[in-house]
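A short write-up of the structure that comes next.
Chains here go by letter, A, B, C, D and E, matching the order in which they are written, and residues are numbered from 1 within each.
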Amino acid sequence: MNTVTSPLPAAEVALAKVRLDWIPLLLVAALMAVALPLVGSVPTWLTLTVAGLAMGMIIFVIASGLTLVFGLMDVLNFGHGVFIALGAFVATTVLAGMADWTGSASLAANLIAIFAAMGVAMAVTGAIGYAFERVLVRPVYGQHLKQILITMGGMIIGEEMIKVIWGPEQTPLPLPEALRGALLWGDAAVEKYRVLAVAIGSAVLLAMLYLLNRTKIGLLIRAGVQDLEMVESLGYRVRRLFVGVFVAGSALAGLGGVMWGLYQQMVTPQMGAQINVLLFIVIIIGGLGSSFGCLVGALLVGLMANYTGFLAPKVALFSNIGLMVAILLWRPNGLYPVAAR
Amino acid sequence: QSDKEIRIAHVYSKTGPLEAYGKQTQTGLMMGLEYATGGTMQVAGRKIVVIEKDDQGKPDVGKSRLAAAYADDKVDLAVGPTSSGVALAMLPVAEEYKKILLVEPAVADSITGEKWNKYIFRTGRNSSQDAISNAVALDKEGTVIATLAQDYAFGRDGVAAFKQALKKAKLVHEEYLPTNTTDFTAGAQRLIDALKDKPGRKVIFIIWAGAGNPFKIADLDLKRHGIEIATGGNILPAMAAYKNFPGMEGATYYYFGIPKNPVNEWLVANHYKRFKSPPDFFTAGGMSAAIAIVEALKKTQGDTNTNKLIKTMEGMRFQTPKGEMTFRPEDHQAMQAMYHFRIKVDPAFPWGVPELVREIKPEEMQVPIRNKR
Amino acid sequence: MLQTEGLTVRFGGHVAVDGVSCTFAPGTLTAIVGPNGAGKTTYFNLISGQIRATAGRVRLNGQDLTGLGAAERTRAGLGRAFQLTQLFPRLTVLENVRLAVQARAGEGLNLWQIWSDRRELLGRAREIVAAVALADKQDVPAAALPHGDQRKLEVAILMALEPQVFMFDEPTAGMSVDDVPVVLNLIRALKADKTKTILLVEHKMDVVRELADRIIVLHNGQLVADGEPETVIASPVVQRAYLGQDVEAEA
Amino acid sequence: MNEPTPVLTLEGVHTYIGQYHILHGVELTVPRGQVTMLLGRNGAGKTTTLRTIMGLWPARTGRITFAGQPIGGAGTALSTPEIARRGIAYVPENMGIFGDLSVKENLLLAARSARRVDDIDTARLEWIFSLFPALRKFWLYPAGKLSGGQKQMLSVARAIVEPRELLLIDEPSKGLAPAIVQNLIGALRELKQTQTTVLLVEQNFAMAKALGDTVAVMDDGRVVHRGSMAELVEDAALQQRLLGLSLAAHG
Amino acid sequence: MLHRLLSHDLPRSRWLALALVLIVLALLVVPFALPGSKSLNVAAKILIFVVLVASYDLLLGYTGIVSFAHTMFFGIGAYGVAIASTRMGEGWAALGTGVALALVLSLLLSLAIGLFSLRVRAIFYAMVTLAVASAFQTLASQLSEFTGGEDGLTFRLPELLSPSFEPFEEEVLGVLIDGRLITYYGLLVLAVALVLLMLRIVNSPFGRVLQAIRENDFRAEAIGYRTVVYRTLGNVLAALFATLAGAMLAIWLRYNGPDTSLSFEIMLDVLLIVVIGGMGTVYGAVVGSVLFVLAQNYLQDLMRLAAGGVEGVPVLSQLISPDRWLLWLGVLFVVCVYRFPNGIVGWLRERADRSPLRPETSA
């Protein structure tokens, strides 16, 4: 997605410039179009579609940190799930402490409470992410296998720590008053909370795209992954940036955790591990590391779940895997392949 | 000297996904032993020793832990486990070692059904009891019901038992969703489509255990179609979600505020005293199991001979926090009361409070006998 | 007899090798020269099958290799040493070579014997390691070799394959002056055999001058000159585009 | 002789890689504004010396001083980025190209003070393009797809895209066509005019001769000879002894 | 003779050799030295894991393929025995049929996966197998007619292998000989044979090619080895051995269910054991499995002892509570991966010979 043109005319050869590839987006549209006649009723279709897109946005936020860390740093963080759970648990504590705000019927008060919970959750997961990077991930950059193991070990430790702090049982995380229920458009219903999710998801997407494509940071980290010594030899303290990215990825996971917890309205220590596979499917579809691909992948997964769930619930069991296999057959490196490693 | 001890193994999920449930059972078991022995922890002069074993929620681990308990620790009988899958793997071990396994709280019907052997007793309720009691609670003339359940054996069996027990209401749709469903919109739509144009009272009955929150479907504003939600009881943290459904009806196995009897009063009072919280779902079960064991041992004068115990326990009646239970001689399932409730929102409690509508007596529920004897 | 007919590859809009037709006879050493990026390595890649051609064919002794993959072409008799060293980094020098000997012997799918029982393969590998003067380092992992030695090992692997066509891509680049003769002597010995087809990409003109029977020049992917070494080197296109103005004085 | 002040000195540097003792007390001074050649056979420790200066291998004992201040050695190990920020640019032996990034992005990263390409001094960029025309042509190409020589050009270009006080260059000529080697020699001469100091490792004796002011020859992890280039060029016996080089072959 | 049995791939460290001898001896005498149900169970579990882990090492350590679908084959083996024994009734015929059918299914499946996806990037392959494995697990619990669903299958084995089979009246060396014991020794013999067979495969010319491909597949292809063929074959072999390990599991437990043989947790355990033991060594599978299974089974007991000491101390007692044994297992993983970057076997060998074998140097 480098669209900045050269200051000097590259006169001789017009070489492949990377432009945004619209085809996967068309795929999303096509999926929606195909579903309409199958579903039959327009309000039902609308309900399913909007819910699916919004669910896609939530999944995107949860997966974005994973794809960020993988795409930039080539670190396969199996421990991502624990940050999700941690974020959600922090939110239970924060929201419990702000009972007056969440209990109020005012939307503003509710939102303030939620944003506060998100802020605290991101701060906490970010901080833990810092420690995680320092202690666990740093020694295993560039070694996928050890990353998987170490981060898995981290995941187990984190999950157990959550049990020590918050207890092993599921904990309710009720949605504040004003965000419950649905907005009705004729016969179609859209849950209010999903609207909020779309807003937050879009903000995260824009921030990521800006940071990665309009600043040198993205470049530096990508270069650092390929040849850390060389980037350092050019005079960049790239290790610090690595920490930064990891912290950002963890904080995003925390944010995703809050959103996921509020969506489920309850949290369990295993909640992160439970959606790990789903997240991996999303980022594979997206192209392992592309933030935009992650979005498209998440939207596809969200829509697909709702359409198949409505049309043929049995199929829904395997719809994600089916989707992934189909996409890999079509584009073996995912929708938006990040240059082959 | 170990001859004088009565050794009981409690095999349960000390760790694993059902850890929270298992711990409640253990608390209940210990409190029950204390209550039933009048605080002495002795029966007929023999001391009762409980050996805890962690099945980690894994069938193979449960199986080998139980074998080790019988063989290495020489226990006289065993209690547990938490999950049905583990229980089913454990049943043959009891038969191999010819020792009693008192199942609590695993619910699968097949434990006292086709997979049963004569060493198996169960104080916990089985899924049929759950389903039938809910059917009894909801079964009214002019009610249309659709079910929402997980798409695997547990969900399908529950719905089947529920359906069988319905006499007056009409079941119009069965919705099964994958156990790992996260977005319930599609299922909700299908349920709405199935129910919205039906006359009379419209209810979606939910049987769901584990991850995912099916109550999310209420957010799609079911009220505009006049659709209600119903479900059985659950542990307290899970009943927080019930707060959003004042007036919701269903049947539960236990809620600490419902049964009125001395055993439950003792349990609630002492539990509050020790843990500053009320006893929960599985605490009551653990206590029932303990009482059953002590009562049986009292009757045999502390004799732990397996055949003698089996004889004694078959048909035995005993008082539990849920009132009187009876081990049915045919399949050793404890017959017990269930409670038809209606949810009330009480700001003093972080969960929706189930208020007793009616106690469903064991005799009212035709719980089928499914084992081959 | 190795032949390429209209061999072409394009990457996006860029034609890296453009319709190169050429025949290489056994017993001759053909040097391929041209500026950086002329397409020499890519031409090699097309011949040995690392890259699929957009158009054109490759034939060896009349057999059409065009549809085959790299492994099959190697087994058909093409051998290749790479410009950017390609070794098995954590395996020892000896094992690097032994694997090539084993490939040559077609022993790869032998699941039952123990590798070290195949003494003749091991012996052959030792000979080759000695021939490139790496015998004293035969148990060192390839990654720990200095650059120059890695280049020699690259050549050794090619030798072990005993192909009919040898393709060297800048074999002496980065090799110290006293090591260069080792490799050059190996190439000379191959030449003396008179049955091998040898292709050599090399920027060192003194080496080219000494060894080549024939030179072809690639420029922008096209074959622009082909002939006797002296004539080709003297031709204006080579002088201007490749060697630069006053290079003769320097070299 | 009026000795210029040294920019860089190494005193008694011992470097270990893992448990291997590679540098055995390297003594080296690099005079300001000159080109110092570091010569030696394969495995002599030239690359290790450069990496030690950059802080990529730690010097276990000894002292490395740059512009009067210690940058490495026992007690004062700066990190690689800090060393680079003092004004040292490095062209590694393996070129260190970021293959996933375009040529443009590679250069942009090398220009530390620039946030975007437009921030790079246009005249300097034009100068680089005139030295290495291929870089302009492949400006938006992923650098991993460049030819071997083009990568080498890019690697050198990165080191000179912004002015640096000291350049450490490891075998830049390998894989470059003669014309480009000429350009490179010209470029380094121009840089010398601007008081840039160069420490150059090279196997290409012609290039060493054309550029070198002073010379250090390494063997087995030690500097075994220091002197002026002119002196070495004169003394064929010395060449033979130090480098195994016979002038006959290199006319 | 011993050399040949070990395919000339000797332990190359005195300590390792000693450890291996001790392990084999211990496994031989466990039923008599430590009679009891738990110790026998642990020993049998070690045997099964040794085979399973060694088969995964074939894939990961020797071929360099990261796959998360290995437990799928393990599960197929276990289900093969379970389903056949349930459907056909107890007996050797059922056992044989079950194993044979499982092997065929594994062969076809691994071939399909290999051909379909070994061409894609390694990390993609890993992720794809992760998804495939989870789909397979779902499938296994969905086909409850066949597999017993979540509840799994409990079944009987031929008389000789059943606990009720007691050939001798008298106890031998203080231990009653029964079907369990016979099964145990059967598994022991099988495990030793399978490990030796795998050792042979990795030391064959074929095994050497696998390692070459792991190091540099581009180069391997260029010297004439068709990497897809080798990788697929490696994949298939690993799958078959895992299937046998699964059959061993089912025979031992006389039970199988999705959690027991298909869960991702087992996959992780296997991965960890390979890495802790030492990738690409086969012996690592032995040493790693022993340590891991022991830790898994006795850590909790150990912590119970420790927890007794700190009772009442607020946070500490929480952390050391035996219920948090997974926490410490997690810590143990992490520490092992750090402390022994080349695994325990690698570490022992390095200690033994300070020769210039330093893997992981950058090229």
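Throughout what follows, a contact is a pair of C-beta atoms (placed from the backbone, for glycine too) under 8 Å apart; a residue touches a chain by one contact, two chains touch by 3 or more.
Small disclaimer: the values here were computed from a predicted structure and weren't measured.
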item: Reaching chain E from chain B through chains that touch each other, fewest steps; value: 1
item: Chain separated most widely from chain A, comparing mean CA positions; value: C
item: Averaged-CA centre spacing for the pair chain E and chain C, given as whole angstrom; value: 44
item: Interchain centroid distance [CA atoms averaged], chain D/chain E, Å; value: 51
item: Whole-Å gap separating chain A and chain B, where each centre is the average of the chain's CA atoms; value: 38
item: Set of chain C residues in contact with two or more other chains; value: 144
item: Multi-partner residues of chain B (each touching 2 or more other chains); value: 19, 151, 178, 180
item: Shared interface positions of chain A, touching two or more other chains; value: 13, 15-16, 163, 317, 341
item: Contacting residues of chain A [partner chain D, same complex]; value: 2, 4, 6-8, 10, 12-13, 15-17, 215-216, 219-220, 222-223, 226-227, 229-238, 338-339, 341
item: Residues of chain A defined as touching chain B within the complex; value: 44, 47-48, 51-52, 55, 163, 167-172, 174, 180-182, 184, 189, 191, 193, 263-266, 268, 270-271, 274-275, 278, 302, 305-310, 313-314, 316-317
item: Of all residues in chain D, those that touch chain C in their complex; value: 20, 40-44, 47, 93, 134, 138, 145-150, 152-153, 171, 174-183, 203, 205-206, 210, 243-245, 249-251
item: Of all residues in chain B, those that touch chain E in their complex; value: 14-15, 19, 54, 57-60, 63-64, 67-68, 70-72, 84-85, 88-89, 91-92, 96, 108, 110, 115, 151-154, 178, 180
item: For the chain C and chain E complex, residues of the former touching the latter; value: 48, 50, 69-72, 74-75, 80, 82, 86-91, 95, 98-100, 102-104, 107-118, 139-144, 157, 161
